[in-house]
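Next up: the structures, one after another.
Okay, so chain A shows up in both of these, paired with chain B first and chain C after.
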Partner chain A sequence: MRENIVEIENVSYSYPRSPGMVLSEISLEIKKGEFFGLIGPTGAGKTTFCCALNGIVPQFYGGRFFGKIAIAGLDTLDHPISILAKHVGQVYEDPETQLIATSVENEIAFALENLKVPREEIMRRIPRVLEAVRLDGMEKKHPAELSGGQKQRLAIAAALAAQPDLLVLDEPTSQLDPIGAQEVFSTVYKLNKELGMTILMSSHAAEEMAEYADRIGLLSYGKMLLVDTPDRVYSDIPLLLENSLRVPQVASTFYSIQKKGVPISKIPVKLEEGKQAIRELVQKNDTACTLKIDDTSNVSKKGELLIHVKDLEHVYPDGTKALHGVSLDIHTGEYVLIVGQNGAGKTTLVRHFLNLLKPTSGVLNINGVDSKKLTVSELASHIGYIAQNPDNQIFNMTVWDEVSFALKNLKFSKEEILNRTEESLNSMGLLEFKDRHPLALPKGDRARVVIAAILAMYPDTIIFDEPTTGQDYKGSQYILDISRKLHKMGKTVIVITHHLYLMPDYAERVVVMGKGSILLDAPIRQAYLDTEKLNSTFLSPPQAVLLGKEISRIKDQEFPLLTPIEVADCFSKNGGAI
Partner chain B sequence: MEEIKPRGQEREVKNIGGASIDGAPIAYIVVLAAVVTALAFIPFSVVMASGGSFPMNQGIFGLIGWVLGPIAGAVSSGIGALIGVFVAPHTAGVWFVTVIGAIVTSFAAGVMGTQNSKRKAWWIGVVVVTLIAFGIYVGRAILVNGIRLQWAVLATFVNWSSLLLFILPTRNLVVKWIGSKNLVFVAIGLALGTWISFGIAHTVQNAFTYTMFNWPEEVWVMLSSIIPIEFLSRCAIGAVIGTGVIAGLRAIGLVKPSEGVY
Partner chain C sequence: MSMKFQTVERDSIFTRLDFRPKIYMMLVLTVVALIWESPVVQLSLAFLILLACFLSGVKMKFIRTILLIMVPFYVLLLFTHGFFNISQVKTLTGREELTILFSIPQNWFLIGGLNFSLEGFWYGINTIFKTLTIVLVVPLVIFTTDLDNIIVGMVRAKVPYKLAFIFSATLRFFPLLFSEIGMIIQAQRLRGLAMEKMNIIQRVSVYAKVAVPLILGAMVQSQQLEIVLQSKAFSGDPDRTYLHESILSKLDYFVLIFFTVFLIAAFVSWAVWGFGAFSGPTDSILF
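This part shows the complex of A and B:
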């Protein structure tokens, strides 16, 4: 029988200022070589749990600690963090904040030097760990030159170099694009399967966790509600929904089919299992999907031409050609989704709409006026831009000051500032937090503060740049619901995201970008079904689309299905009444 | 509502061999030292006595003492100022006096708010050292260089006023204000505290610089009006930067150094 690497007995913990227990009565054992997945909504205590495994909680943070955690037999309260660090490697959410050295090899050597590992041994370990994370050959590169996925893999390599018994990864893919996330997951999976490394990973990436983890623990309000195999955890959909957790689309699809009265013996949670199950289901049942590829019921009527882009090129000062030959028209009242891999030119393109970047060549008109004739402040009063990381846009001491900041600078009257700020905070559900420091709020709420500040300016167009990065499912939905509300109010909404599975209920039109040009510009149904184009820019279509394609293949007829509900409706008694 | 007692046995929480100095995490010491170094680049006044310009970091030495405590604060400010001397020589003045000033300011500020019962009498040591320095500085001016008493008193207004405020209960009042939830009081506490703590350090610094430069009475006359203005600038810098730092630290809930008073 495999030995336990982690033994947790009745652990409860509270931070010095927290009103209650952040972790409560947790008992768990993790065996050597196991891949343990940790899921839970924001605020469930996942990061606290991860930090408790190497003694940072409670040794660094203080507070009250009950029970016992032993890592490789070492009690985390009786041993210094420096000793525990040899047994527990830790990788955090944001790769940018973990890298400090000026070269890849120095980054790996840094922790080892601190652990007083002899130089010769350090030199031996560097190539070994770089090979394990597939970064060999990049020893001399500066970490800043690496892509997001490579940076996170470097952070993993640095943790691995200490030869820990346990590798803890806290949301390691939430800041990465799909290809970066896939790189990290496959690296971690390889470490687990080939090198026998014990893994504990917390993540909101339901599809990947279902695919790779041996066991999943569901943490909610500090309590470990369930520990079981991914099959069992992800098929308990009511429990997941109750805890605001995202369900893999395969499981969600079959759950919806089951709810329609179609007998399903076991809800699959992995894509391949799902495809197999859908094949069997189609053969056993009558299907009646009526959606057509040119379905336009979801598309709002085009308004006036708002943004006109013709043959736009942008070359950065270092010679990087970020955009070339981009032509695009956006009309008022549209909801446009811009997708593509990192470096595809999405953010570069939308920054031109605000004059934050100037075209190297080509035409860009905003409301019929050449953008070069407009100032940034003129554009800012019409176009609101919500950048990827809300923290980069927050600098005031209170939520109220943050939201009213721009209004004061635009010299609105006191009464107008008061009314607009109050209205904006109210619409975001933030009025009760108006006197709080913005950074004291959870990340989801911080994003809402930035949105409120933009809304207070009454812009006609709002650009959301990766609004769901780093958000949990509930937070993502909340922000996208706001975008839909704004769209219904007649605003033009432009969203950049990698999370395609979130968008079918919101976007109407999709612009797929790759390597600085537009690969496809089509209604969402048509764009999502063009899996070849999506794959060419390293995007994966949602699992429901792939299940729909499987039905199409069997029936030899194109069914343009986007969501689990649409797939499930193919099996409804009424037949495809979407 | 009574909280349910967890089943697990409550454990004693302590930081075993962790990376900290006097209860302040090394990371904080390094970050604040880096801030001190960065602010060393910014001159904010012309110095009449020792040449060069005052660095802006003089406004935050006190803050560092209140955030990190007397020992960790002195280490952080001292390291930051020492690096600043080399990378920003245009504000360095007499290099060792600059470093001493940083160390003494943070130490004096930290002593004002120490939570450690064994350190409750440390303020007396600060007073004794300051009195000795004051004696060397003013004594030399009057007895050796013949500076008239009226100019000696006027030009050392910041020195004797800060020493008096340090001895009086204002020392505790400053700490109470800095710990207040009301940021207006925090700002007032930081401003007054910066006056007191830098005034102490200024006295110690001048024991060295005056012995080296022996500036004539004409300079004392000018200093009598310039020095208080410069001190007010330091207080404003301490209050503005400090209020933001303290509000931010409180908001994000990072672990508080054991000697931190915010």
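This part shows the complex of A and C:
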């Protein structure tokens, strides 16, 4: 029998000024060598739970703590954080703020030096842990020179170097692009399987958690609602939806098929299992799927030419060529999705639309006017830009001031400012918070404050730059629903995102970028089915698309399916494909 | 967002030196700059430091920014000494009357009748280059040292480890703060703030408003940093091991000896022959 690394007995906790319990009567045991996944909506208490494992909660934050947590037999209340740090390695969400040294080797050495590990031993461990996270040979590099995925792997290496009994990772991939997230997941999985490292990881990445975790714990409002295998947790779709959690697309596809009356013995949660199940389901019936996809039904009619880009090149002052002869036309009323790996040039491109960057060469016209002739502030009233992190766009003391800020700059009358601010706050459901400090609101609400502030200017075009990064499923959907509402009002919407699975219900056209060039510019269905192009920029299509491809392969006929519902629509009650 | 600390990219004698002799050099040069009051000598010293900054690869853009910040202060210094520093300059030069360069007409309100003296002007020049030496020696020492070496060097120089770490963390966060200022102002421009149409006073008020979100952001970040540090077993205890050894080389010893000799020589020549004194032998070419 394996020994327990984590033993949690009836733990409840509240922060010094929090009204209720943030963690409530949690009991859990995690065995040595286990990969434990922690899921739950934003505000469920996942970060607090992770911080309780190395004593930061309650030793650093204070507050009221009940029950007992023992890590490798050490009570987290009786042992200082510096002792617990030897047993619990922590990796946090933000790759920027958790790296503190000026070189890779110093980053790894820092905790070891504090733990008084002899210099010779530190020098022995550095190459070993770097090899484990595939960063070998990068000892002398500055952490700022690493990509997001590499930074998180360095944070993992630094945590590993202390040879902890437990590695805790709190949302380690939420700020990363798909390739970075994949690097982190595969590294953690390898550590778990090959070195037997015990892992506790919290994450919103449903597909990956289903794939890698041994057990999943569902935390909601501080309570551990369910602890079970990924198969059981991710196939309980009503429970996941009730808790605003995203369901792996494989599971939601088979759940939708089941709801159509097709008998499904077990809802698969992993892609390979899903492909196998879909093969069996299709083979039960020879009839081909007659699903008709009307590709033009949800595409807006092209309006006037809004943004005209021709042979656009951009070279940054350090010599990096970020755009290579990009040509693109965007018309009024379009909903355009721009996708691609980090460094593909997506943000560089849209920053040109706002005149935050000027073309090194090429043509860029906004509404027929050369962008160089327009100022940032002039453009701002026509093109609203909502950047990734809402906190970097909040600088007023109240929600009301934040939303009315732009209107004052644009010299509207007092009455107009009052009307527009009120209208904008109302449309975002923020009027009741108008006197609150924006930073005192939860993250999802802060994003809405920024959107309200932009909408108050009545822009014709709205650019959302990675709006769903760092948001949970509910928060992401809320923002995307706003984007759809704006699109229906006739606005032009441009969204940059890595989260392809969220977009089929919203976007019409997809621009796939890679290494500063446009690889593909096509209607969403065509773009999502071009898996080769997507893979070339390190994006993988949603699982529903891959299941559709599997049906196409078996039937030897093209099934251009995008969503779980579309895949489910291929099946009927009689037990197979229609 | 780059968190990279501003270090020089060029290899020079300054990058090869240990942090301790460099700190010693900084102290000696500061003391000497404080002792000397001759504009000629101060100008030469500031010029030498500027040259050293240039040769060691400190970015000229950075020095230009420092100079721009200091200009209003320097103009004020020059006027104050030129108009008002009369008794001190008389004592230092041993003159009964100062050379008047120009006077304010008697009928001017409040300041009518004030005289601007040549000697006061040169004393002002001395203070300007004195402060410039003290200011410029800092990037010369800091930017040519890796942050890790700063910490190890300070700890070896018996500075408490926690203090050394706070010092280095502050330096590390400076570029981050600047990038945040840039981001906040960019967000304001994207909400119609027309910086390009603003006068200097309006621009200053924009920067002043940035302070609140900046401080709030810095507080959040410092709490995050503290959590990260705690989870890396950091307690501020100087009793820890070090990956990098800080051993003084021959060059380091040479620099230590050189600046000790320089300090003694500067002091003795100043005390005995008036070298570097205001209106002393080095200023004979001026007045």
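One rule holds for everything that comes next: the second predicted complex is superposed on the first by the 561 of 578 C-alpha atoms of A that agree within 3 Å, B and C clash if a C-alpha of one lies under 4 Å from a C-alpha of the other, contacts with A are read in each partner's own complex, and residues count from 1 in each chain.
Basically, contacts are C-beta pairs under 8 Å (C-beta built on N, C-alpha and C of every residue); 3 or more make two chains touch, one makes a residue touch a chain.
Please read these numbers as outputs of a predicted model, since none were measured by experiment.
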State whether A:60 touches chain B only (first), chain C only (second), both chains, or neither. both
Touching partner for A:9 - first (chain B), second (chain C), both, neither: first
Give one of first, second, both or neither to describe whether A:370 is in contact with chain B, with chain C, with both, or with none. neither
Among the partners chain B and chain C, which is in contact with a greater number of residues of chain A? C
First (chain B), second (chain C), both or neither touched by A:131: neither
Going by the contact rule set out at the top, does A:242 touch chain B (first), chain C (second), both, or neither? neither
Where does A:280 make contact in the superposed view: on chain B (first), on chain C (second), on both, or on neither? neither
Counting only touches as set out at the top, which of chain B and chain C does A:397 meet: first, second, both, neither? both
Quick one: classify A:435 as touching chain B (first), chain C (second), both or neither. neither
Touching A:416 in the superposition: chain B (first), chain C (second), both, neither? neither
Of the residues on chain A, which ones does chain B touch that chain C also touches? 60, 80-82, 397, 439
List the residues on chain A that touch chain B in their complex, please. 9-12, 15-17, 20-21, 24-25, 58-68, 77-82, 397, 436-440
Would you tell me which residues of chain C are touching chain A in their complex? 1-5, 146-148, 169, 172, 180, 183-184, 186-197, 209-210, 212-213, 216-217, 221, 224-235, 237, 239-245
If you look only at chain A, which of its residues touch chain C in the complex? 51, 54, 56, 60, 80-83, 85-86, 88, 90, 92, 94, 96-103, 105-106, 109-119, 122-123, 142-145, 158, 162, 354, 356, 375-378, 380-381, 384-385, 387, 391-395, 397, 405-407, 409-410, 439, 453-454, 457
Complex contact set, residues of chain B against chain A: 3, 6-19, 25, 183, 244, 247-248, 250-253, 255-256
